[in-house]
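So, here's a batch of structures to check.
Each of the two complexes below includes subunit A, the first together with subunit B, the second together with subunit C.
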Partner chain A sequence: MPAPYSRLNRRDFVRLSAAGVSAAAVLGPGRRATAAASPYPDWLPASSKPPKRGGVMTRASAWDPPVIDPRHTQSVGLFQFVGLTSNRLVRYPFTDEANGPADLTLKGDLAESWQGSADFRVWTFKLRQGVKWQNLAPVNGREFVAADVKYCFEQYAKEGVQAFTFQEIEGIETPDKYTVRVHLKTPNTLFPQNVAEPVAVLFAREVLEEDGDLKKRLVGTGPYTLKEHTRKVRIVLQRNPDYYDKGRPYVDEYVILSTPDAATRQAAFRTGQADFIWVASPSEAELIRKTNPQTMVQAYHNTLAPFGVALAQDRPPFNDLRVRRAISMAIDRQKMVDTVFEGHGILGWGVPYIYYQDTPPTAKDFGPWWQYKPAEAKKLLTDAGHPNGFSTTLFYYEYFPQMTSQVQLVQQDLKKNLNIDVRITKLDYTSYYGRYVESKWDGMSWGFQSGHAVGLDERTYMYMHSKSTKNFFRVNDSVIDDLTTKLRRTPDRAEQRAIAKKIVDREYDQVLRMWMPYDNGFLLFQPHMRNVAAGALRRSDGYGSPTLARTWMEK
Partner chain B sequence: MQKYVMRRLLLAIPVLLLSSLIVFALMRVMPGDALTALMGESGNVGERELAKLRKDLGLDRPYYQQYGLWLWQMVSLNPGHSIFTNEPIAVSLKKAVPLTLELAALAMVIGIVIAVPVGVISATRQDSASDYVGRVVAVSGLSFPEFWLGTLVITFAAIWFHWIPPIGYVSFWESPWRNLQQFLIPAAVLGFRLSAATMRMTRSTVLEVLREDYVRTAWAKGLEGRIVVYKHALKNALIPVVTIIGGQLGVLLAGTVVVETIFALPGMGRLTVEAILFRDYPVVQTNVMLVAATLVTLNLVVDLTYAWLDPRIRYS
Partner chain C sequence: MATVTERVVSIEEAPVVISRTRALLAALRRKPLGAASAALLVLIVFTAIFAEVLAPYDPLATRPEIRLAAPSWEHPFGTDDIGRDVLSRVIYGARISLWVGLLAVGIGTAAGMIIGLLCGYCEGRVDLIFQRVMDAVQAIPGLLLALAIVSVLRPNTTNAMLAIAIVIIPGNSRIVRGAVMSAKQNRYVEAAQAIGCRHPRIILSHILPNVTAPILVIASIWLGNAILIEATLSFLGVGTQPPTPSWGLMLSSTGRAFMEQAPWLAIFPGLAISLAVLGFNLFGDTLRDAWDPKLRRN
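Let's look at the complex of A and B:
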């Protein structure tokens, strides 16, 4: 699943149908179950009461890990729990430490402190002493040391899905057991953020050396050990008594039940078989609150949109800036938010706004080419030599049912406003993904960016630089290349914000990635759950799972 | 009889070979491969890296070599490993097949238990209120697809009764009660659909047989109605019913895909669908062949049942 947390399918459409039917049953006739503005808070502060130990926390999950080897996948299926079995060098704040969802202050995880050299090419991490690997074969609880970090980072660089990130490392020194010195090929002030990404977990070298891969055993230093992993049934995590953060975690067991059907997941929450759940729309949240009025709800606000219209901008007609601008101006994004996402959605932007401004962007922040102005769009397209429009194609995979409506709205808008005929092809996931990442397609695609990334470097340089293997939107803009490189060399937070803003302004101006509206969703918790709120870009049921080490249950 | 069975078994060989060729070709025609699907989780892999992984998985070999290797694995009853999870396929099947068999068997029992009595009642009380109710139920069963019925059942069970079957499969041997709780509702959903066609067929054949001379003779002899219907009429009416039940086995297996997904049961259906989506060639091919072999065998069993039901039928 490349981008979203929610990989929905036709089955989910049925869920919505059922939700509609059950809405009628619960709400009774004559009442609408939609809400334009969410009545729920966007943050659930940490509990002030002393935490209680014990209990079994359960969640019905849509995702199954394809493999449990973190070198070979960045799937949310894996990282919904690997962040609990394993640690990183540094991390983002947990729910009970954060001052709100947008708090991205780095905290030490297995590293107690870290410092960059003056030119930001060398990063030194001082490790926490006395950390032990879990008491499982073949590691058997030995001490975690600097050589483990060196080994892991080298393995990540050697092969697998994180190779591009770790290949920027030129060499690693371990001057003593608790010091790791990382030499980068080029300066990067954001390197600590990159190793704080939820996917940059540290694994035990003995497992890889003995098994040749990490597909069968998972041994880390985290708060939970992997007790059971039965594909398509359940994942059971058990409290690690040797966890370095004494007294934590609070919950004895965390059980993730594989539940591919959305209606079943909701039913599991309603009947108490699941302690928390994510739902997409206000009507679904309201519906569950009708039958479970004690439910705590967090309105989740996305800080970016993972999907947008990707154009083959390296070839005609989309290599003409006027054509890209015309298309962007011919699409009514607000209509999509209002109709497809019941008003609870974002207009769509690619770089998390929290890195360059304090409040979510509004339509005017996007500049002139992102406003819905069909007449001006038509004029631009005429100037570009297409007064009668043209024909093109668009392929997509339906990650969630609303996406098909979005694709069709784009098709309608382009036909109505620009006389552009868009032939839509809906593909299955593997066909779509294979074609999309090959980056040789013509016309348009409903493109994505990966869902796991929190850091600014990942969201800019990694996804937009012309040489990056993750530059799926085929951005090839020297200004963007310069800005994203400059950003990596800028340590000052205020300057970083200014550069990030320039990057997004450039992106809007050149219509390099045409982001589309996306939903926000809601996290629903049983009333006994404490310290479980989701942070921006880190949903506690997904890549933000490490925060569950601080969760406890008042029952 | 033995010769007939032998001939049918020999005829199954080209059928299975043809099936193997079709499924092998279809999987290769579909764009993308397992590696694409796996990497789809990340999107951060260079061309050289992809080529290396593809080679490691044997996906770079010519098709005829891949087909030959797979065929040999099937013949030697060692279907190999999943290229997606690396789990031996035999192990996956050992986990999934009993579950699907249990679900299908329960569904079949529920379907027959509903269909045959309702069909007989409908036939013996033709055009009465109970006949109309039975027919409406049958038409409903034909009209409601499993995905709709399953979703409604689970949603309304949660809303009205605050109960759904426990999620997280456990085998019958681990906990019989929990296992039954998990299977009864999905089996009822499947069985309800299965019962519809069977009930209609039972009704029409029983109606037909009830008009036969020998049944009239039985009535004339003063036999009890229950004996006339169940002993004399029903057994002779069952051949078309058995045929339709046999024909529905394929539909039943297809239905398990949906029902297993809704009720979170890790059976053959989910295994196959996931393997198709992730282009896990060996798993899909093995599963399809297993289903094909099962259907061939069951068809043979159905044919042999005719002879048991009607002693006049002889195979030579």
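Let's look at the complex of A and C:
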């Protein structure tokens, strides 16, 4: 960095000229676009007033469903609304039932009750009676029965991206119209959580049988019917008058406008054309509050980070634990939180902390290899036989702009502290997803675990067991395999917590997945919105959309 | 008496051919916009060459603690999302833009010229085959073609450059082909053939010098377009990769994302692209005016 300037030299001259240009180009006084940590509440309690029926709720959305067949995608583009057209057997609490954002007590959705066998290999679900499919062809409002569940689960297991979850089912019995008995291949105390995930929605068998896929029609039992889906334009949901939960939903129509540009989404919210919006940073929330002071803001708090640096740890140099630890210690995560996320972010961890401790982890909880200690990192790398660093690659897809900032900061830290040259390649979503999920890449990737799931089994066994098809970070650790298998056989909550803690401690110690800071963000609602708050890892504009069945508008 | 007057008039109307340099200088004197564009291009080239000296900071050095700082005396163009000096990145961005522009246009023009010379001189089957291939390439919109090429290869600056060059080739080959066909009709070419000159010599010594003017004019205009295509490819995420300072990448990655919080991130790279493209286009116009054979006779 150059020293302060005492006389006019060439660079001063350039600066002076440039300053003149900037003065003309940027009007208004200079300002720093940074802000302190959030002053907003992290939970908006449900309204105590009697709900009001009617109205059209609109949202400008960044996402568009790549396909409307729930077997073939876990994309938030689809699950931002499919949880409203379709139900699951069980679900997580809605805003007006939950006692806070981290309330993950399972509730009955299409099942009224559920019970595991003593060895947790058989799960019996008693279905709600009198539930009807939406009054749309080809189902035309027939009754929802146990055979529908059996059919759906079998189809999910047969093909598509949800297959791994459903392939653990050995067989399904339907002793009567309202009872489903699921036999698992191995014991799993956490199975109900897996079928409470948004991706386990139940679809009408007639549509699949007639069309051969679910790409054109989406018929469910949910509070809304899919009235219109025009790709990259809009999705229109219409109130289902035959919904089993009488009197609900309250809002007549929910319109989702495909709006990839962030500035346009914010403009839509400002002008009242959108009823709620998510923004990443405190300064963005502040800017909107300046023009729309009545806006209600929920400071969102993630229980995990979905993104991290994934290393090809099955091959050199990343199969050397010292190299992984050195890289981890050379990255300044706290600086990322303080700057890129303006103080409103988490340091990054992969398993929701609510399953193993009461408060969000601090830097100390991650152990020695996650602390920013460049000198020790350099020593470790030297011990590993790379005193002069090495060259590698990193590919990523920009899910949000701050991600590009993070990728570049990691690159800088590794260069500066370890002399590791990282060549960055930014890919389009399809190329990135295909390459990452195939797991045939070398070097590094900005890896992810899908955002749809909050269940403990999903976040441990499914993403970390060496044999799992979702083991994108290529974890191959016998201790982790044993612990994650043991976890699904343990019904006791206290024991589950202890095992989950051992899993994360092992993960940190071996640097198996190198989580990166993640933004918490803010949900902004128009002042007339009621019962719309987001729960843990379940934003109401995303995978947590089912809660909108209880939303109403006071206007 | 009448005869003398007629002779005087015919002498006054006789064409006066001036050199290209003189013609260009005359055009620059005549057209203030042309002179301004030339000055702008000199400035951009100067900036690109002396980026290390002119840039007040390392364009890659991050200082997250001063991220998104507004323009100030210390950082006249402000700082970006990870605290890099925007002025330094714009200065270094000139280097990428010019490098991509010059190389892509150089490759595209050279290839187009070779194909055009061959097609125009040989005509017949060679012309037919090459020009149908050019038709096929030209049938695809330039940006779409460039996007497809970069997507098939890998997104980086070199491939973006190659893609732009391929987009340029067909148009250039057409122009050169036409000029060669016209030049071929001249008596000096016939004379060269009559005295037994070989084809390469005729092409290189007698035809090529007479078709360079349109090539240079088109190349100068393509330079602006090439910068714009590189910026577009980078804007779409398939061109230059972060953290390399490229105007298009700056505009797309941070300019768009922080438009409201930090408008300077979009204003300055945008301004740089606009000025460079405007400069090359205006200069191309001036070159055309100066070197157009009809205008040069004045």
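The rule we apply is simple: the second predicted complex is superposed on the first by the 523 of 555 C-alpha atoms of A that agree within 3 Å, B and C clash if a C-alpha of one lies under 4 Å from a C-alpha of the other, contacts with A are read in each partner's own complex, and residues count from 1 in each chain.
Please note the rule applied: contacts are C-beta pairs under 8 Å (C-beta built on N, C-alpha and C of every residue); 3 or more make two chains touch, one makes a residue touch a chain.
Fair warning: this is a prediction, and the values are worked out from it, not measured in the lab.
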May I ask you to decide whether A:263 touches subunit B, subunit C, both, or neither, giving the answer as first, second, both or neither?
both
Which partner does A:74 contact after superposing on A: first (subunit B), second (subunit C), both, neither?
first
Taking the superposition as given, does A:231 touch the first partner, subunit B, the second, subunit C, both, or neither?
first
A:271 in the overlay: touching subunit B, subunit C, both, or neither? Say first, second, both or neither.
first
Return first, second, both or neither, reflecting whether A:428 touches subunit B, subunit C, both chains, or no partner chain.
both
After the superposition on A, what does A:402 contact: first (subunit B), second (subunit C), both or neither?
second
Is A:498 in contact with subunit B, with subunit C, with both, or with neither (first, second, both, neither)?
neither
Figure out whether A:136 sits in contact with subunit B (first) or subunit C (second), or with both, or with neither.
neither
In the overlay, answer first, second, both or neither for which of subunit B and subunit C A:66 touches.
first
In this superposition, which partner touches a larger number of subunit A residues, subunit B or subunit C?
B
Show me the subunit A residues, by the header's touch rule, that subunit B contacts in one structure and subunit C contacts in the other.
1-2, 11, 14-15, 18-19, 21-22, 25-26, 261, 263, 266, 427-428, 431
Considering only the defined contacts, which subunit A positions touch subunit B in the complex?
1-2, 11, 14-15, 17-19, 21-22, 25-26, 60, 64, 66-67, 72-75, 77, 159-165, 213, 215, 230-234, 255, 257-261, 263-264, 266-268, 270-273, 291, 427-431, 433-435, 437, 450, 469-470, 472
Considering only the defined contacts, which subunit C positions touch subunit A in the complex?
53-58, 60-62, 64-65, 67-73, 76-78, 81-83, 87, 91, 151, 154-156, 237-238, 241-243, 253-254, 256-264, 267-268, 271
Of all residues in subunit B, those that touch subunit A in their complex:
30-33, 36-46, 49, 52, 84-87, 147-148, 151-152, 154-159, 162-164, 166-169, 261-264, 266, 270-271, 274, 277-279
Of all residues in subunit A, those that touch subunit C in their complex:
1-2, 10-11, 14-16, 18-19, 21-23, 25-26, 30-34, 261-263, 266, 281, 283-284, 287, 335-336, 338-340, 398, 401-402, 404-405, 407-409, 411-412, 423-428, 431
